[in-house]
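Quick heads-up: structures coming right below.
Here come two complexes built around chain A, the first alongside chain B, the second alongside chain C.
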Partner chain A sequence: MLYAEYEPTSDPEVAEMIRRNVSKIVVPTLLMALAIASQGFSDYALEIGFRLMVMITLAEAWNLLAGYGGLVSLGTASFVGIGAYALTGLVNNAHLPLYLAIPGAGLAAAMLALLVSRAVFRLRGLYFTVGTLALAEALRMFMVNYDGFGGASGLFLSQDPPGLYALFCIAIGLMAVTTLVITIATASRFSILLRAVRDDEDAAAQIGVKAFRIKLVAFVLASFLMGMAGALQGLKVGTVEPYGMFGIQWTVSVLSIVIIGGQGLRLGPVAGAFFVIALGEVLADYPALHLAITGVILIVVIRFAPKGLVGLARDIAARNKGEAK
Partner chain B sequence: MNFQYKLAQVSIAACLLAGAMSATHAADEIVIGASIPLSGPLAGFGMYQKWGYETAVKDQNKAGGILVDGKKIPVRLVIRDDKTDPNVTASNSESLLSRDNAVALLGSCTPALVNAGALVAERRKVPIVAGCDPLGAFRSVRKWNYAWVMFFDEGDLATAPFRMMNDYGIVTNKKVAILADNGPDGIVVGGKIWPETAKANGYSVEQSTSFPTDAQQFTSMVAQAKSTGADVVLVDAIPPQAIAMRKQMASAGFSPKVLVMEKGAEPEFFAQATGKLADGVLVGGYWDPSFPYPGAADLAKRFESETKQTQSQHIADSHAAAQVLMDAIAAAGTLDREKINAAIAKTNKTYVIGPVKFDATNTSAIPITLMQWQSGKAVVVWPKDRANGKLLFPLPEAK
Partner chain C sequence: MSLPNVEVIAGSLASGLLLGGSLSLIALGLSISLGVMRLVNLAHGELLVCGAYLSYFLLSYLGLDPILGLPLVGALVALVALPFHRLLIAPLAGKGMEAPMMTMFGVSIILQNLLLLAFSADTRNIEASYATQPLILGPVVVPKIYLIGFVVSVVLVWCVHLLVTCTAFGRELRASSADPGAAATLGVDVRRVHALTFSMGAACAAMGGVLIGTAFSFTPSTGATYLLISFAIVVLGGVGNIFGTLVAGVAMGVLQSIGAVVLGDGYRDLVGLVLFLLALALRPAGIVSARA
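Right after this comes the complex of A and B.
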């Protein structure tokens, strides 16, 4: 079972949960403070910060799907790729400014989600997982073979990408949007319905939950965020090509981050992204070791901390609190 | 305050702390960064590049380093694996500049990877020298200011088989089959230059098939090529695909008189993987230890004695790229990137790869040769004045 955490669903507890989560609106404010403080950051901190925020966005979106909705998707790369290509197209051909092109890229990814939803939601469980993987591969092959989008060579952004500081600030904006969307999605009635569908889709339908609609909203929201993250990545690199942008590595990275951090937990993706990126930087000079260690950590976490690092820390904190009493 | 909120605060504080820390720049060394494919489909090329870059830097340090501001400073080469992914090349390049304080960069291999690193260098106004990117693909991206490439030109490469057949008066039925991947150079070489050159030289193009760069199954296109009766087969594919195609040609009993396999037949593992089937296969090349350039023979011997493997031409272009960059740093006499870049532009010297002089497009062309696998060795068979072996014609039939 990939999802690990069941949070309380009775009404008084939901009210309490919403009350608690309102405080998280503070996070965007803190992000704003980070943007201001980052003027003094080194280029390295800006680079790592950018990478971190893109990965957190992707992981948050995937966590909404898999952790809260039980929709274990292996199609992350499709939406990252569509977002990156859409941004390039909107900037090169429609000459849209970035503040329109980036949400536009998110919308393109959301449109794709809408388009394929009927097909993939016919599948459940492992079949859904395999279906999304097939979608990602089919899209990659299409982009490789279809010359209209540059084929295997890809496309180049017609304008120079912004500097690192500007990219970092845009990434903070993306994080703020992500935090807002995920906070609303996980601290509202929608979250209860989504988890009801996750726990037992047929039972949820019996009590009047429109399972298809609930799953569709989660899928479209997550795809929108993934598309914007892909757009940012395309903007940073300045070139998009199918092997990199639609590559399976996006899917694998995001999955590792969420599992290590804690699936179905609000801070799991954040902690996982910090951990995985920090590990990558520490072992940057030992690429083979990096892959092996990440694999071992993944196995150990799945075996001994199925709720991820955040779940483990929370359990330890609760135990200590209990002992102190 | 709940646990999750506390964790959020800690995360943001950690980020602020990381931002406040700026990497220190050691003034007692010159850092050069390189992001190359050490894993993934192009790892075969990355291994040669690593050796070429490291050897050039090692030699420079043996001589005491580079004279900068009147003081000899050793060079530190930082190499990162880009996993054959342009996204990783871009982030590696950023990290090499920001974390390791690299004063300049050395390039990766193939257009997608070189361009990704070059775009970062261009944005950050940092010089980058590369040696594994066909010039047409490099020029087509943009007007480069800080990126420099020395390699062969696709036009020169693609016309070579026809020039060779004309020079040697090779008699065929003048029917050509073209099988090329749809990668950047496959499109240019296989989709454009080969058909045009074939027609210009009186050949008829009986088949022109394009396939994805990661395709594995070629039986139907090989069967089609066989049915056309083409004596000349021109293939543009990366090594795993070229190996699979050569084997599938043998299985189908198809043996044209001339078989050219660009890109894929170049590394030694093509010959190792195909065994006897490699004999007679032609591939464009640009370097051989027998060429009369300073240090050419010695470089190949050193590679073979150190690694116990057969040399590849990629050791030469990577070695030369590192030398060009280090010479430019020495000529500039400073670590100022603008001055180093200006010094690269003035490069006019013969290196192990041959004469290097950059033109207005920041490229320096290396003349093409044709190599042929003969008993496990790549022999230069064309042009005549550089040949160190005799052309094996026709292609031996597979047994």
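Right after this comes the complex of A and C.
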């Protein structure tokens, strides 16, 4: 199994409660501090920070699907693209202010998820994976060929994109929302149901879990977050076109981030995002080589560290602790 | 919108029908690895593109005709694919379907980007002398290569069918597909069968790639489209059903051509993908139910 095992159950529940509540205070405080400190950041730092936060959002959403729900999606690009196009439409045509247009874009992506769920949930994992890939490719081809949304050249945002600092702050906001949503989703009864469905759908259904509904909630929630991340990307670029917004590179990066970081682990997406983006910066001049190397790392991680870097670190830490005793 | 005349419609329907043969061959490769090994080979499209490049260079440097070189391309790719199975897929046995699938996704990323580094994103096509010659049958005009591709594909699909139904290897393959555990108990080397199945699937993809590369053009990123079209055919035809794959492949070719005539050429591939999503939503077990 590619999935990570459950979090260790031997932990006393009290320690778990404390740990969980600490993260509720620490994470928002850190994000606030980051927002204030970032006024002094260079453009390069803001640029990287923005990308990091968009990717973490996407990765957290993907991890909820694949890591906790066993729904390995190759359709990330569809939701990123729909989010970006929806934002442009909502701003250009409906003249919505940004604080409404961004969640609006998330809703558009969630609607798409709802719409295609019937097709992609048919049978088990495999069809979901290939169906989501087909969805992303179909949407990209449609956008390239259909002139109504600007065809291959795309659409421009009618208002000027916000400055880099403002974008960075919006990204912090999005990441705060994501952290909140994913924390609630993974620390509640919902996550137990989701993991039950992941591990054995039939058994879960027999004890009364509504498997389809649980999967649908995870899919819609993840798509909502992905749509907002796409909206932010669209906002930053100021122009949306099919090759950039519906491109397979979104799917590849997000999947690599989560698998390399640690699928099904709470910290996996964050660790993975730092790793993959750092690698991308080192190899910034060789994009094709960067992707090929990412592929190699992906295969090595799947083979030798199925729980990713975070899982590997945890195992090593546990072993050291064991030796110290 | 002005309707195209009858010759254009007849010609593109015939093209669709003939190209459907090559699509079947490609889909068959995917279908057998899915049916026998439960492997979702997400690198299938890149194997196809590798076959096309191999044939392209064999023609450019050695002057080897793509159709005559077809067995060579198939054999070479099958040979290269064997250790791939040993190194990447075999160690993941018993870890579910996701791990091998994601591994093949990794392979697809690697191959695509290595091809990009080596040969750039330029569009190429394999220029056989007969590629552009027209074949005229009454009102129907199609490039001669389409008919050649169709015949070759059907012959190859037939060969695979004979291999699976009439040989000792085929019997082991069917046994491994039905119940790997029981087959192993009865003395079938399941891993060897899987390795050979994988390399047979790769050879089908590569030979299909040669035919596609001769009829159309290709780039390092062409693979994804054919992967998905192949999946659509596998779903429509039923996993592991060789005859179903052939029928579904031809149907897909015709439907794509109709899509291209009605909506415009850019929509050709989109039609296939939409059909796939519809097939998933309505009839996941396949139009022709699975036999294997």
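Throughout what follows, the second predicted complex is superposed on the first by the 299 of 325 C-alpha atoms of A that agree within 3 Å, B and C clash if a C-alpha of one lies under 4 Å from a C-alpha of the other, contacts with A are read in each partner's own complex, and residues count from 1 in each chain.
Methods note: contacts are C-beta pairs under 8 Å (C-beta built on N, C-alpha and C of every residue); 3 or more make two chains touch, one makes a residue touch a chain.
Bear in mind that the values here come from a model prediction, so they are computed numbers and not experimental data.
Q: Tell me the contact category for A:Arg319 with respect to chain B and chain C: first, second, both or neither.
A: In the superposed model, A:Arg319 contacts neither chain B nor chain C.
Q: By the touch definition at the top of the document, which applies to A:Arg118: first (chain B), second (chain C), both, or neither?
A: Touch partner of A:Arg118: chain C, not chain B.
Q: Between chain C and chain B, which one touches more residues of chain A when both complexes sit on the common chain A?
A: Higher number of touched chain A residues: B.
Q: Which holds for A:Val270: it touches chain B only (first), chain C only (second), both, or neither?
A: After superposition on chain A, A:Val270 lies in contact with chain B alone.
Q: Return first, second, both or neither, reflecting whether A:Leu255 touches chain B, chain C, both chains, or no partner chain.
A: In the superposition, A:Leu255 contacts chain C only.
Q: For A:Ala37 in the superposed arrangement: first (chain B), second (chain C), both or neither?
A: first
Q: Which of the two partners, first being chain B and second being chain C, lies in contact with A:Asn145: first, second, both, or neither?
A: In the superposed model, A:Asn145 contacts both chain B and chain C.
Q: Considering only touches as defined above, state whether A:Leu164 meets chain B (first), chain C (second), both or neither.
A: first
Q: Which partner chains sit in contact with A:Gly295 here, chain B, chain C, both or neither? Use first/second/both/neither.
A: second
Q: Could you look at A:Glu137 and tell me whether it touches chain B, chain C, both or neither (first, second, both, neither)?
A: second
Q: Taking the stated contact definition, name every residue in chain A that is touched by chain B in one complex and by chain C in the other, in rising order.
A: Touching chain B in the first complex and chain C in the second, residues 141, 144-145, 288 of chain A appear in both lists.
Q: Quick one: which bits of chain B touch chain A in the complex? Just the residue numbers, please.
A: Those residues of chain B that touch chain A are 2-5, 7-9, 11-12, 14-16, 18-23, 38-39, 78, 80-81, 83, 85-87, 90-91, 94-95, 97-99, 111-112, 115-116, 119, 122-123, 137, 141-142, 181-184, 186-187, 212-214.
Q: Along chain A, where are the residues that touch chain C in the complex?
A: Touch residues, chain A against chain C: 1-3, 70, 72, 74, 116, 118-120, 122-123, 125-127, 129-131, 133-135, 137-138, 141-142, 144-145, 248, 252, 255, 259, 288-289, 291-292, 294-296, 298-299, 302-303, 306.
Q: Taking the touch rule as given, give the residues of chain A at its contact with chain B in the complex, in rising order.
A: Against chain B, the touching part of chain A is residues 20, 23-24, 27, 30-31, 34, 37-38, 40-49, 51-52, 141, 144-145, 151-154, 156, 160-161, 163-164, 233, 236-239, 241, 243-245, 247, 249, 265-267, 270-271, 274, 281, 284-285, 287-288, 310, 313-314, 317.
Q: Under the definition above, what is the set of chain C residues touching chain A in their complex?
A: 40, 42, 88, 91-92, 95-99, 101-103, 105-110, 112-114, 116-117, 224-225, 227-228, 231-232, 235, 264, 266-267, 269-270, 273-274, 276-278, 280-281, 284
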